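Multiple structures are listed underneath, in structure tokens.
What follows is chain A paired twice: with chain B in the first complex and chain C in the second.
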Partner chain A sequence: MTSAQPFLQVLASGLAMGLIYALIAVGLSLIFGLMDVVNFAHGEFLMLAMYATFGLFFETALDPIVLAPLVVAIMFVLGISVYAGVVRYAMRAKTNPGMVQIFATFGLAILIQGLAQYFFTPDYRSIPNTWLGGKTLNLGGVFLPWPQIYGGAISLATFLGLYLLISRTDFGKALEATREDQGAVALVGIDRNRIFALGWGLGAALVGLAGAVLAIFYYIHPNVGGTFALVAYVTVALGGFGSIFGALVAGIIVGVVEALTTLILPPALKSVGIFTLYLGVLFIRPSGLLGRL
Partner chain B sequence: MRVIDRREVFLSAAALSLIGARAFAQSGAEVPVGVIYPLSGANAQIGVDARHALETAADIVNKSFDLDLPTAKNAGLAGLGGAKIKLIFADHQGDPQKGRAEAERLITQDKVVAIVGAFHSSVSATASVTCERYGIPYVTADSSSPSLHKRGLKFFFRTTAHDEMFSIAMFEFLDAQRKAGRKIDTLGLFFEDTIFGTDSSNVQRKLAAERGYKVVVDIKYKSNSPSLTAEVQQIKTANPDVLLPSSYTTDAILLMKTMDELGYKPKNIVAQAAGFSDKAFFDAVGDKAVGLISRASFSLDMAQKRPSILKVNEMFKARAGRDLNDNTSRQLMAVLVLADAIDRARSTDGEKIRDALATTEIPGNRTIMPWKRVKFGADGQNVDADPVLIQYVGGQFVTVYPAAVAVAEPLWPMNT
Partner chain C sequence: MTELTLSRAETKSVASSIAEMRRFEILKALAIFALVAALPIIVHDVYLQNVLILTLMFAALSQSWNILGGYCGQISLGNALYFGIGAYVTSMLFVGFSITPWLGLGLGGVLAAVLAVVLGYPCFRLKGHYFSIATIVIAEIGLLLVHNWDYAGAALGIQWPVGQDGWTTLQFARNKIPYFYLALGLFVVTWFVTFFIEGSRWGYWWRAVRDNPEAARSLGVEVFRSKIAAAAVSAFFTAVGGGFYAAFVGYIDPDSVMSFRFSLLFALPAVLGGIGTLWGPAVGAAVLIPLTEILRSYAGGSGNGLDLIIYGGLVMLVALAKPDGLLSLFQLMGRGRST
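Moving on to the complex of A and B:
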């Protein structure tokens, strides 16, 4: 074992986690960019996706990798329902609509958590004996768990898919146009409500994919969303609110900085590195790395 | 500012005495006892299990059972004319500030005569101070930070051993292993960043120095982290002879998973219970934890020595769907100890219950614990709460230390 080995291990693990953070955060960023709404129930969406994976695994005994598309579809429907059932009404507030939206999604988060605890019980679940679970790739003393390699690959593929979606399809163009100018798109016959609903569906589907990945190697619990939500908010803020590729860059940075911080500071302070970096970026570029000024 | 006039003072005093009188009139029928546990949040499962344990204890007090346990024989509390205890639950979510506020609410609104809590040491720290202020006894069943009983509180009582006692048992076990010719030179500390983990590690660091063990890795980590890879990497590099973790369930699961992912097999683990004795932990990562030793206050295999255990376990299992464990057994016992004191106090007055608690003397065989007895020191600590060490051998725990109650030789080392 060389002296560089622990450093490389921490770096590699940080990179893999960073890609997964990016995947968790991108849905949040997408929804914000589209309609300036911060979804405070984002972590709970992630938790629901993990439970969906767990439940489907239990029912069908299929591997979480096979189940991922199904989880994504379920979360897409959930995202649209949340928009149609909650957010749409919150946006109609005449005064302080921003606050109303914050409290609406925050309330939704608490409701989902409570329901999850009631129906799923607060037991810690995990999915046993998956194709990748517990398997590790050993690269000359640097260990990379296969579930996280898979997660990183899925994350990169997703960002490529998003790039193609936004640049090559009509829906993507409508999405971009709506974020540019909500009023103008109505004039060219784009139904703003429909785009918003699809945006929420897409955002939830993306975090659903992250949940299907996480469920392979992380414990599942009604409060698991909170653990990742904070990271997702910092990632979105660091990358630039609403910037999809900002989320990718920032996710990687957060993962790597968090891991490397432990080499210098006591591990209890590992978030300090991330927040110091964020405050630094705030100072130089208040709108985030790739945010529009 | 509005000045309150004399008439209003008189009226509110009259209203207050009316409430007081009503509470007194009710005391014949029901004695409200406050209970604070994490019923939601990251450790909600602990609270849910605790609820079943405490309700089982209330059953034992309130109904008649042929069990040799305090207040079990007759229905209700004989000293209060057969009054029944009524548990009033509050949720602290693992947050010391919520714990303090909930304790205050239980005392002022629900008029509880005592409070039992709280699992988290950090919450017991705040809630017990609130109880002290109102002159209401606070009995902790399971908060194990050594600092808790050293604050000079008059109304604080702890039935369980604290982490100093637990850690001493752990080090005596290590000494015994050394004497038997096993090589133990280096230790690793791995602990979460609240009062439980910090206090636990402070004691362990001190004991290690006193007894000639070298601490080669000493990691304080952030609880509920999304990833523990970097932390585990440090443990792996140091590769101590024995790893001594102090973690709650979430981190305990993540620790075992991450060690496995990084291809690290620790030589031995001797854990400060908490997450490592939780059923959820073994359900999730039991296959990776064979050979893990944890300090404990309870083990089902003691049933030969404590005959009440089997029957009480059956009652608990009917409610909870699982066996009694380290936490639930202590929670159940704490309510019985408190009920015994209220019974002897023949009163619902905080001061009188406190005095009765201070003179508690329950022999070990009238408990479901391995303790010598329940007898509180002047600081409120039960000095005879002897801990045991239990080892997970796949599917179940066996008591491996001390020799007097051990049913098996420890499997050592855990991984070669």
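Moving on to the complex of A and C:
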């Protein structure tokens, strides 16, 4: 035992949680970068994904790790539906479109919370007896829960996949082109609406994957989204709206700083550290670490 | 180009017709205020009186939000911070030192305005969503700090003592009507402040800052000072509203006055009624608050989420269906009559 042990412990768990934060936030950032829309129902997407994992587990008794692809697929469809049913109309507003988008997605968030309360009751749920739940890895005195290790690894793999998707595929190029110039892409035969819809599908699928990870070790209830949504907004703004790599870097910073804050402040104030850091960074770099204005 | 320049006489006639319109606007407002002031004559039900008080209070608070958000274009989603400052300053002075809430209202307002100026210096360098999210985060820091501030009751909050009714203590246990007139008074004051700002140089500056900051700057508008001034006025009245709410409810805790939900509730009536308009916040509050209260008492009691489903669905529908606010419906009807 050395005196550095508690510090390393905090660093390691902060890093793992930070990677999960990055995974939660990247869908939000992706959608914003694509079409300048902040989804105020992002936390509720996460909550739905957690309930989807719980519901599927309840029906099939399969492990959340096996169910994750199914949850991702469900959320992909949900994201496309939300774009087609709500966001598409919000974008048509000619007067103050920013407010219309905020309140259309905020109304959606309340609606989803209400639906969750109606169908799933406000009770706290958790998934019992999963493969990873409650198990920890001992790395020379530093203990890391396996669910967090799994989440961190999934997050890293997802970011790699996202990088390849955007840089190597036609869809990625269309995504990049649409975000550069929405008007010009129509001239080269890209259907803007279709790209937006797929962007929402992808954004929701990404937060869906995060939900499938969180459901293993976090309580599931109708208001769980709010807990993570604010951290996601901070992460996205810290990294720079629209920057995918920024979301990864900012997520890690947020996780580590949050963990370090618990060393000096009571646990109830752990968010104060990341909020203060976020404000400090933003006042020096108004468009975030890796954002462009 | 010649058609665009006005002769001196024409300028004068335009100016005088604007003055005419503004005089008419004041008369219209006074008539509306008088009608509202007469409402307690027919409304005796305590529950309905409660709804009216909350409606007027949110109309005033949303008007305060509108000053910065609607006229100056800076979308704050953190006004709950100023509301909380007003509520806490008023409560702590009264409960701890027996200082009349009237002084608390003023002091809370001034404190909030000073804080808005201090926070404005870094925050107004941020644009668009960056600004809005920074306001959310700052309010959230405030909430966390109050939650852990033992002297202010921490999570338990502050309970006002009972049994000292009167206008100096702003406590009226048996009769809600004084609160009704206080809330109406607050709304009337915020309305007139907005009205006079709208016609002043500041009003033109703020709208220019909202519509096109670069162009405004090139024409000599003090963009930064405009935003700071709008933020201070907005914060002042939001805090006064918070102090009123504390006296009215008689009990406050961090989540009941400083949560993010409140920040949205201040913006929502203005957005619903018509953002950046004189009557938008009042129209929005008159629709939204009774609806919220009715849903809460008839559908929300069982905690099954039905009230949230209806409420969220309606907010979404109105935002999508009437993006320029409900007030545009009235204006359409008005135009239909005059032509």
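Basically, the second predicted complex is superposed on the first by the 291 of 293 C-alpha atoms of A that agree within 3 Å, B and C clash if a C-alpha of one lies under 4 Å from a C-alpha of the other, contacts with A are read in each partner's own complex, and residues count from 1 in each chain.
Keep this in mind: a contact is a pair of C-beta atoms (placed from the backbone, for glycine too) under 8 Å apart; a residue touches a chain by one contact, two chains touch by 3 or more.
Keep in mind that what you see is a predicted model, and the values were worked out from it rather than measured.
In the three-chain model built by superposing on chain A, chain B clashes with chain C.
In the superposition on chain A, A:Val82 contacts neither chain B nor chain C.
In the superposition on chain A, A:Ala268 makes contact with both chain B and chain C.
Touch criterion met: A:Leu108 reaches chain C, while chain B stays clear of it.
Legend: residue contacts after superposition of the two complexes on their common chain; A:Gly14 is shown touching chain B, with no touch to chain C. In the overlay built on the shared chain, the residue A:Ala247 is in contact with neither chain B nor chain C.
By the touch criterion defined above, A:Leu289 lies against neither chain B nor chain C after alignment on the C-alpha atoms of chain A. In the superposition on chain A, A:Ala204 makes contact with neither chain B nor chain C.
Within the superposed three-chain model, A:Gln117 lies in touch with chain B and with chain C [touch as defined at top].
Contact with both chain B and chain C is seen for A:Pro222 once the two complexes are overlaid on the shared chain.
It is stretch 42-50 of chain C, out of 42-50, 114-122, 258-266 or 312-320, that runs into chain B when the two complexes are superposed.
Annotation: chain A residues 113-114, 117, 121-122, 222, 226, 266, 268-269, 271 touch chain B in one complex and chain C in the other.
Contact residues on chain B toward chain A in their complex (touch as defined above): 40-42, 44-45, 47-48, 193, 219-222, 224-227, 229-231, 233-234, 237, 249-250, 253-254, 257, 260-263, 280-281, 283-285.
Listing the residues of chain C that touch chain A in their complex gives 75, 77, 122, 125-130, 132-134, 136-138, 140-141, 144-145, 147-148, 260, 264, 267-268, 271, 275, 303-320, 323-324. Touching chain B in their complex are the following residues of chain A: 1, 6, 9-10, 13-14, 17, 21, 113-114, 117, 121-126, 134, 136, 138, 143, 145, 148, 217-219, 221-223, 226-228, 231, 258-259, 262-263, 266-271.
For chain A in complex with chain C, the touching residues are 32, 38, 86, 89-90, 93-100, 102-104, 106-118, 121-122, 222, 226, 230, 233-234, 237, 241, 266, 268-269, 271-272, 275-276, 278-279, 282-283, 286-288, 293.
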